[in-house]
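One chain, chain A, appears in both complexes that follow, with chain B as partner in the first and chain C in the second.
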Partner chain A sequence: MSDRPAPARRPGELSFEGRRRLFLAGAAVLGGLMLWGLGGLPDFDSFTPLYGQVINHVGVQETSATAAVSAVNFDYRGFDTLGEEFILFAAVLVLALLLRRLGEEHTTPLRKDPRRAHTTSAAVRLTCYMLVGPTVLLAIYITGHGHLTPGGGFQGGVIAATALLLVYLGSDYPTMQRLRPLSLVETAKAGGALGFVLIGLGGLIASGSYLQNFLPLGEPGELVAAGTIPLLSIAVGIEVSGGFVLLLSEFLDQLLVIKRKRDTAA
Partner chain B sequence: MSFLPYVVAVWVCMVGLYGIVTSRHLIHTIVCLSVVQSSTYVLLLAIGYREGGAAPVFIDIPRNTPAVDPVVQALTLTDVVVGGAVTALLLAIAVQLEKHLNTLDPDELDPLRD
Partner chain C sequence: MTAVQLVALLLVALGAAATVAARDPVRQAVVVSLYGLTLGILFFAFQAPDVALSNIVIGAVALPTMIMLAIAKTRQ
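Entry: the complex of A and B
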């Protein structure tokens, strides 16, 4: 990367070395200021923010969720998670917009992808197929047990999307396309986002405040417990897995399906 | 010693910034931005750490066990998600940029071209 000759400089432009020196000078100042600022924080292992400690003490009792991080994400700061979910939602939407087929491009019909058939060895294929099932199971487990153990919808959703990537790695793109009908994926993504909003509205109707945990809490440590927390986690899981599948598909489309006219003409 | 995690956070941030400034390839620039963002994970988690604290998961430990701060961990999760979204968007922009300009070298991008 760096052994290529530097492009010709325009008049008044800083040389690569000059830019590096300028950065090092600036970084010394910025880093010093950051260290100085962080020096004002309490010592590393003695700081106990009260908010977190209170949640650690009353969280299990109040929400029946034994994983305090999930209790924070889907209950105490559930509204933040709503925003976070929609950041991801908007990002995937914009990504689909950016990676659409442009006017000068056209889609090539997918043949049995010759590039992969030769490069994927039988061992890789077998390993991928064997891993797909356990990966999906792990995704469901991580999502469904979010209120009990570390995990939740965000983590589980990403794992679910990687299962599809395993299918692509082990076979070819047409096979992967058959396994992810895009309309279904888009519906899942939108439905997951909508589910979160509706569960929040349920709290508003049942208890008077948005995202209030309005369902029976049950016993801490049970799979069906903690009221709306596992439901919100599942909604997020569906949305995130749909979003990531869409994201992967868009990038793979760019690589394999969408071609510039002049590329194929040549 | 008690100051070291903050030094690590600043160091990771600076290394990432250095990578961005000296980058010769936009994919490399995007990865460097992720490195800069990782420094915030280090900082957030360091703030929530407490000596001898358990993970804030009370399924197989007594509920009054001292545990590290769950709030900063939840914030870190948000941070990771936002980081993923930003990286995906920037990569998409890089894909389109390469199509239009046939280069991913930031030095060859001229703001006044076309």
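Entry: the complex of A and C
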């Protein structure tokens, strides 16, 4: 690395040596703070947090959800999850804005290029096709059983988006495009976020506080139980799957459809 | 600490080192995918299956895909 000629510096830019000094100073401060923080941590296997103990004791009676993490995410700390949903919402929105078609770019029609056809082997394609169905089923299972077993809307939503990635790997982009009409994906993303907000408003109307679990709780361990928790999980699942499909589509569009004008002019 | 936890920790250390050692970005994207999988195993071994599920999908699938697509775009 060191024998490579140094790139020309613009005025005001730090030299390599200056950057290294800045990095070492920053790393020393960060490292010191991290060591200080590590020193204050409880010993391994000896930490018994009060909050966790309380949730373990009252969580199942209060929410009928056997998955304590989901009970925290969608009930006790439901408002935090609302914030997280909108972080993802805003992130995907900004990504779509950044990866839009610019003035100097144009879209190219996706024509069948004989040189690029069948670049994936039949074994890969078959494996992808066989995995699509089970992946979608797993996504529905993980989302719908969020209140019973580990998992929930976020995990299920991302798994659902990977099913579409499998379709792309096993076939081609036009096939994937047909399977994900963008207007539907955008509606799912926005609708999921709206669903979360509306379920929260339902709690405000029925019980006087936002995101209060206002529906009948049922029996712990039943599929239809735990009140609003599975509904919120499904809303998150729809939003997250829409968000990640949109993310994937924007990246693939950049790669396959959107070209700079000077690249294709020749 | 159980043997499973110890093995998971070692796997993560190995995966992280391998990610840094891989210099070619395309290979790095594949190695970081395996690293995401080992992190998922680690979270599972330390009784955090929710986080494990998230990390296996994000760290082992979504992140390498984004890296691959970004590399492919820059090489056009």
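A few comments on the model shown:
The working rule: the second predicted complex is superposed on the first by the 230 of 266 C-alpha atoms of A that agree within 3 Å, B and C clash if a C-alpha of one lies under 4 Å from a C-alpha of the other, contacts with A are read in each partner's own complex, and residues count from 1 in each chain.
Definition applied: a contact is a pair of C-beta atoms (placed from the backbone, for glycine too) under 8 Å apart; a residue touches a chain by one contact, two chains touch by 3 or more.
Keep in mind that what you see is a predicted model, and the values were worked out from it rather than measured.
In the superposition on chain A, contact is made by A:162 with chain C only, not with chain B.
In the superposition on chain A, A:184 makes contact with neither chain B nor chain C.
In the superposition on chain A, A:52 makes contact with chain B only, while chain C stays out of contact range.
In the superposed model, A:94 makes contact with chain B only, not with chain C. Of the two partner chains placed by superposition, A:124 touches none, neither chain B nor chain C. When the two structures are aligned on the shared chain, A:252 is found in touch with chain C, with no touch to chain B.
When the two complexes are overlaid on their common chain A, residue A:60 makes contact with chain B while staying clear of chain C. Once the two complexes are laid over each other on the shared chain, residue contacts for A:35 go to chain B alone; chain C is not touched. Once the two structures are overlaid, the count of chain A residues touched is higher for B than for its counterpart among chain B and chain C. By the touch criterion defined above, A:14 lies against neither chain B nor chain C after alignment on the C-alpha atoms of chain A.
Residues common to the contacts of chain A with chain B and with chain C across the two structures: 44-45, 67, 69, 150, 152, 154, 247, 251, 254.
Chain contact summary for the complex, chain C toward chain A: residues 1, 49-50, 52-54, 57-58, 61-62, 65-66, 69-70, 72-73, 76.
By the touch rule above, chain A contacts chain B in their complex via residues 1-2, 4, 6-7, 10, 16, 19-20, 23-24, 27, 30-31, 34-35, 38-39, 41, 43-49, 51-53, 55-57, 59-61, 66-69, 71-73, 77, 80-81, 84, 87-88, 91-92, 94-95, 98-99, 102, 148-150, 152, 154, 220-221, 247, 250-251, 254, 260.
On the side of chain A, the complex with chain C involves touching residues 44-45, 67, 69-70, 142, 150-152, 154-155, 158-159, 161-162, 165, 244, 247-248, 251-252, 254-255, 259, 263.
Per the touch definition, chain B reaches chain A in the complex via residues 1-7, 9-10, 13-14, 17-18, 21-22, 24-25, 28, 43, 46-51, 55-59, 63-64, 67-74, 77-78, 80-82, 84-86, 88-89, 91-93, 95-96, 99, 105, 107-108, 110.
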